[in-house]
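The block underneath contains the structure these notes are about, expressed in structure tokens.
Note that the chains are named A, B and C in the order they appear, and that numbering of residues resets to 1 at the start of each chain.
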Amino acid sequence: MLFLDLLIQGLLQGSIYGLIAVGLTLVYGLLRILHVAHAGLFTLGGYICVIVTNQTSSFLLAVLTSMILVGLAGMIIYRICYQPILDQPPFVPLIASIGLFIAMEELFRIFFGAYGLSFTELPLQEPLALMQINLKQAEWITIASSVGFVAMLAFLANRTKLGLAWKATVTDPEIASSFGVNIIQVRYLNFFIGSSLAAVSGCMMAVLNNLVEPTMGSVPSYKMLAIIVLGGLGNVRGTLIAAVLLGIIESYGTIYLDDLLDRDSIAFVFLIIALMIRPQGLFQRH
Amino acid sequence: MAYEISLLIVMGISITAGLSLNLITGFCGQISLGHAAFMGIGAYTSALMTKNGFPFFPSLAAGMLLAGIAGFFVGLSSLRVRHDFLAITTMGVGFLFIGLVRQQDALGGEMGISGIPDPGLGKIGFLLLVLGCAALVILFCQFMKRSWLGFSFDVVADDEDTALLMGLNVTQFKLIAFAIGTCLAGLAGGLYAHNVRFIDPESFGFIESITVLSMVVIGGIGSVWGVVIASAVLSVLPLWFQFIEDYKLLVYGLLLFSVMRFSPGGLSAIFSKIFTRSLK
Amino acid sequence: MSPLLFVDSATIKFGGLSAIQDITFHLDSKELLGVIGPNGAGKTTLMRTITGIYQSQKGSIELEGIQISNLPIHKRVKSGLSMSQQLVRPFKSMNFLDNVIFAAGHRKTQKPLKTIFLKSRIEEKQKAMNLLEQLGISDMALEKPEKAPLGYLKRLELARAMALEPKILILDEPLAGLNQGEAEKLADTLKTLNKQGQTMILIEHNLREVMRICSRLIVLNNGKILAEGEPNSVFKQTRVQEAYLGEKINAGT
């Protein structure tokens, strides 16, 4: 039973990783920027969720508000932080992004305190047994939302005009724009969608832990980088597989590797080994 | 007086650390987000040795050597991956380092190592040692920049592929940069350990790596004096203004962001712009 | 006597596409060999294979009778090959002069650990300045490549390649971006260099200059050698005319 429990914990963790990392890999695919501040948006999403839930006692409303506000915040970050430095060498936006992320974490601490916030009444705690697996509602919803949102994303990308425009822009911005695609709009949309997915995972994280704290993004911030690299930068499917795999490996690793390594560095053992064997990432098509 | 001395010591160590990263990232163009790990190797090695009765200077040297060897091996990764990928790999190395140290009781685990012995040079003696090291590193960097080694680093940083077509053994140059840079980081780490006389994994974590990187970036990637000034100022700012200590990270974060956003060449680019303008 | 360069069955595939296939040819000392062919014929790919940017999937490459097919790029450069690329790649952070000075210092940079003790650039600077003057771009010596016109950048590529003092100088479309007057002048410079004993391979679309200065031609088409020989006789062959006419007709539609 322990085996199964660990697997499910891993899946759960992997779903959260996946939701954050997808947004990041979307940004990388489009702009070749390692958008570290994405983890700050994840934290922001969690905070908005807790605050709105506590004010209105509607979790659903809180998640929607969080998605919209964080999506907008993502667009603002693109506009003021990245757009002016797109033509610089890659480390410039990367370091700018790290700076922004650190500043965001500090702002959360200064505004909401170092110890974070909790729900006054924690939603979605009833147990729910499906297929003989007993989890809390919140845990089911986490897994379901990651599957759901990613499926929706795949649908958007493959079946809609918008998705085609997006794909064309990723492949070759110049050709896309000569076919009348508005590249700037595609970028804004990209940031909006990616950031709102980060918001969703922030909300889920808040419910699962009944806590949002200023540093809740720091572990995801670097782990998601490892994930998108393993997934083959810019590759959504690879990123998801990598996220879930990492969740599961960590879940077992905590039990079996604990004497040697702490949980949060397991990702990097895999990252480094994988990169040395396949410098282009695990799932990159050539 | 004691207060001024400790300020100067902190400055000197930061300058050494900043320049050591500048050598790798600034001169040779290989970005590293895990530099603090090498300071950590120097710190842990020398601290464990002096704690076990070895004299100070050989311990310091052993720390440098070990850090340099580790740097050499991490440098091998730069032969496989570039740019963004290298940034993430080195970041991974940083996390791996603290992840490993945390779980090893022999290295003090989460609690770190306390009671590191005094090097026995006296306050002034230690200050002179630190400043001497910083001065030597500055001179070394200046010297290197003007040599054909520095010239070759410039070329590798500019365009590796074309560097190969100029007959340059790019691999060896990158490894040299990593080995020297991390060896000097080991020096900074050893000095740090014997100044504070307490170390733990967090002292060499991601934030520390970013702090060193911010010194390089804010000073101006590749510029020696820019990095010296930025390291000196950034390291003591929080000590001078108590209120900054609370907002230290906010200030670092915003500085990193603003410099990259508005002047990716750092302070040195701003200065040279003002300078050339005033000449016209 | 073995030829200076011998390329045997060079073959490169990109995915499913054979960029070059079983190309075999030789180059004698002091020759000026022209390599021509329509766009996409595989000329650049062939040169990149010789310098080691791509690894041939078959056969071998010998320089002065010594196998170089397994050497990395920088060792091939050291053993006497240098190339000026079709797509210019100047070091953007340095001015024209420093770009060439660095190449001129190729002997100094051979032993990386020793480079820290080497400081003087006087000799290299002199050499570099001479090259810039010879190629008519010395007026840009202290400018960064950023704003320079293509004709200047092309000649900068050439100057760097020459500064490496190669046994074989490989030039990939050095005349592109120059007007006819400049092209003629540069072609004359190349011819003179060749007369002074420099072995060269010249890829060019400017057929007029190619016919004027090359002693022997290789025509590539679809990754294969279509014809080879003395320039005038090569152009009399109908399949060469077809390849070029075909291209012109395609270009016209």
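The rule is simple: contacts are C-beta pairs under 8 Å (C-beta built on N, C-alpha and C of every residue); 3 or more make two chains touch, one makes a residue touch a chain.
The structure presented is a predicted model; accordingly, all values stated were derived computationally and were not measured.
When every chain is reduced to the mean of its CA atoms, the largest separation from chain B belongs to C. Of all the chains shown, the one with its CA centroid nearest the global CA centroid is B. Set side by side, the interfaces B-C and A-B show unequal numbers of C-beta pairs in contact, with more at A-B. We define each chain's centre as the mean of its Cα atoms; on that basis chain A and chain C are separated by 48 Å. Rounded to whole angstrom, the centroid-to-centroid distance between chain B and chain C, based on C-alpha atoms, equals 42 Å.
Note: centroid distance chain A to chain B, computed from Cα atoms, is 31 Å. Those residues of chain B that touch chain A in the complex are listed here as 31, 77, 80-81, 83-85, 87-89, 91-93, 95-96, 98-100, 102-103, 206-207, 210, 213-214, 217, 247, 249-250, 252-261, 264. Residue ranges of chain A in contact with chain B, taken from their complex: 32, 34, 81, 84-85, 88-96, 98-107, 110, 218, 222, 225-226, 229, 233, 258-262, 264-269, 271-272, 275-276, 279. Residues 143-144, 146-149, 151-152, 154-155, 157-159, 161-162, 164-170, 172-173, 176 of chain B touch chain C in their complex.
Chain C meets chain B in the complex at residues 51, 53, 72-74, 77-78, 82-83, 85, 89, 91-94, 102-103, 105-106, 108-110, 112-113, 115-119, 121, 160, 164.
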